[in-house]
Amino acid sequence: MIEFRGVNKWFGALHVLKDITLSIEPREVVVICGPSGSGKSTLIRCVNGLETTKDGDLIVDGQRVGDPATNMTDLRAEIGFVFQSFNLYPHKTALENVTLAPIHVRKIARSTAEAAGRELLARVGLADKFNAYPSELSGGQQQRVAIARCLCMRPKIMLFDEPTSALDPEMISEVLDVMVSVAEEGMTMMVVTHEMGFARKVAQRVVFMDAGGIVESGTPEDFFSHPKTDRSRAFLSKILRH
Amino acid sequence: MIWQQFQGLIGSYPLALRGLGMTVALSLISLVLGTLIGFALGIVRTGSNQLISRVIGAWVDLIRGTPFLVQIFLIFFILPELGIELDAFTAGIIALSNLAACFICEIVAAGIRAVPNGQVEAALASGLSRRQRIQQVVLPQAMRMSLPPLVGQYVLLIKDSSVVSAIGLTDLTRVGWLVVQRVPNGLLVFAIVGVGYFIVCYPLILLARKLERRMGTAHGEVQL
Amino acid sequence: MLENFSFRTIAEYLPLFGHGFLATLWLSVVSFAGALAVGIVLCAMNLQRSRLSKVPAKIYIDAIRATPLLAQLYFLYFGLPRLGIVLPELVVGILALSLNSGAYIAEIIRAGILSIARGQVEAGIASGMTYMQRMRLVVLPQAFRVTIPPLLGQAIVLVKDSALLSLISVSELTRAGQLLASDRFMPAEGFITTAACYLILYYGLKGLAALSGRWLGSQPMRSRT
């Protein structure tokens, strides 16, 4: 579904992605973790072309990202992306946020899109917030709207870029619960997060990155109980301590 | 003598109305034209075409760097030499619309640039086309940010319209100038002219302040 | 007629433009100094608690902002003699520019002072400073850097506004253009040269603004965002 083959990327002189090779199967849930600055956000942003890659191949849903022949707008419509900072449209209500892309990109009738949007917002526990503006919602609620916004496009893949990092602690679980339910429905997911509880629960694989490269990857069970490298051990001891 | 002056002023009442009408007509037409052109220029200015963006930037700089009076003289005296016949009213409209367009272009461009990058990324990520991104996501937010400075700019432009009296257009200021030749009381005459502008401009100033306050400045006013 | 644009005539009138350029420059400097004085007084009045000092300042600022400079200029030009005050045109012009720009500068300074975070004032209060000490030691040094860019913007506006003085026969840049236009019937030569001279002043001030921005940015205390 998503395949990196020898992908490299530089920011100026900084080599931020080093020879990444990674393959994600349909219905697979992969958690990417690693210290800050390890390139994990950059990696996930490459998948829908928010970042461009320098060399190597990146094939998503059978199409080559960055190839002039690939219509990125069409490809992005198939990929949901959840941002750390939510990025809800502040001038639109929760329901309008959810239905904007279905109406304009998928060309679905407004009434159909709104029905689907209401259903999804209800599913993420926001049945009473259809007409609320983002500024009237808590962080956790905003992030759930953002997830519903992606789901309303009926995407084939969902990408999550540190979806709970900007949240107050008491709001993290409400967002994770929604993500777990999405995973359990068989969505292909790539999730950058440090929430190891989430990884244990639904991830098939954990990928550990450091300094722009993939250091190790394995099942959550293996990774947490028997980390193979010093760097992953050091990382785990830091995040599990608190 | 005061009584005579008063009668003189009463007698100028129709002229004053005409002047006010001219100021309002000139401002209204120019502001509508200037806003439309300014928005278009602002969108193109922030677009991907570097060359067009530079050309617009250079033109805006030329207009912002020279006095409006000089611009009016240039348009009024030079366009006829290029074979374009125009009366003072048309010259005034052209000059004022151009001025409005340039300032509004910069306001709109600043508003567009102030829309957070994450908003564009969110729109990109959900597959919106460039046109849809601008229409649905960027412009509505840019508009909201541009509104207070836009209203403030309208006040400046209405006041700038007084400068067209220099090419003989009978606007409110010109009427004051004409009346003061007959009724030699400059304080009174131009105080009344001032009241005329005040009635038009002050509500807009209050509106701009209200909009600015409603934008919710992040930090409250400081009690010193 | 534009095909025989006469650089020779412009060269002939160059001394006049040079004189006009200098006149515009120095009358702008004098007016800006006056405007700063007016602005500081108005702002100080506006920041007081007493309505007696606040209300007149507010009325003055609003009256200036809601009426055109040209009407204000004519108000003084035709009105002062009525009060028995007869001044040269140049002085009337500088007075009008100072009184006009002063109102805008008052608002710029006020915005600069009010932009200082409340925590800064509270820190001053907490360490036992008096009102004047807080102003002098905490608020004004920070407000100063916030107001520099908009003050330079106002200086640009003032230079351009000074063109209106030509309408009461003050001999400055625009007047020089008018003279060339009417003496030789060469409006293109006259007003294009005038515009070019203003552009020199404009880019000069703009460069100064950029420099000051860089200078303020390089200071240890970064200005607030």
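By written order: A, B and C. Residues from 1 in each chain.
Definition applied: contacts are C-beta pairs under 8 Å (C-beta built on N, C-alpha and C of every residue); 3 or more make two chains touch, one makes a residue touch a chain.
Keep in mind that what you see is a predicted model, and the values were worked out from it rather than measured.
Asks: From chain B, which chain is the farthest off, judged by mean CA positions?
Replies: A
Asks: Can you check which chain pair, B-C or A-B, has more C-beta pairs in contact?
Replies: B-C
Asks: Whose C-alpha centre lies nearest the centre of all protein C-alpha atoms?
Replies: The most central chain here turns out to be B.
Asks: Calculate how many whole Å lie between the centre of chain A and the centre of chain C, each centre taken as the average of the chain's C-alpha atoms.
Replies: 53
Asks: From the mean C-alpha coordinate of chain B to that of chain C, what's the distance rounded to whole Å?
Replies: From the centre of chain B to the centre of chain C is 19 Å.
Asks: Measuring from the mean C-alpha position of chain A to the mean C-alpha position of chain B, what distance in angstrom results?
Replies: The separation of the two C-alpha centroids amounts to 46 Å.
Asks: Per the contact definition, I'd like the list of chain A residues that touch chain B in the complex.
Replies: Result: residues 48-50, 73-81, 83, 85, 87-91, 100-101, 104-105, 149-150, 153 of chain A touch chain B.
Asks: Can you tell me which positions in chain B touch chain C when the two form their complex?
Replies: 61-62, 64-71, 73-74, 77-78, 81-82, 155, 159-163, 165-166, 172-173, 176-177, 180, 184-187, 189-191, 193-194, 197-198, 201-202, 205, 219-224
Asks: Please output the residues of chain B touching chain A within their complex, sorted ascending.
Replies: These residues of chain B touch chain A: 116, 118-119, 121-122, 124-129, 132, 136-137, 140-141, 144.
Asks: Would you pull the chain C residues touching chain B in the complex into a rising list?
Replies: On the chain C side, the touching residues are 1-2, 47, 62-63, 65-72, 74-75, 77-83, 113-118, 121, 131, 134-135, 139, 156, 160-164, 166-167, 174, 177-178, 181, 187-188, 191-192, 194-195, 198-199, 202-203, 206.
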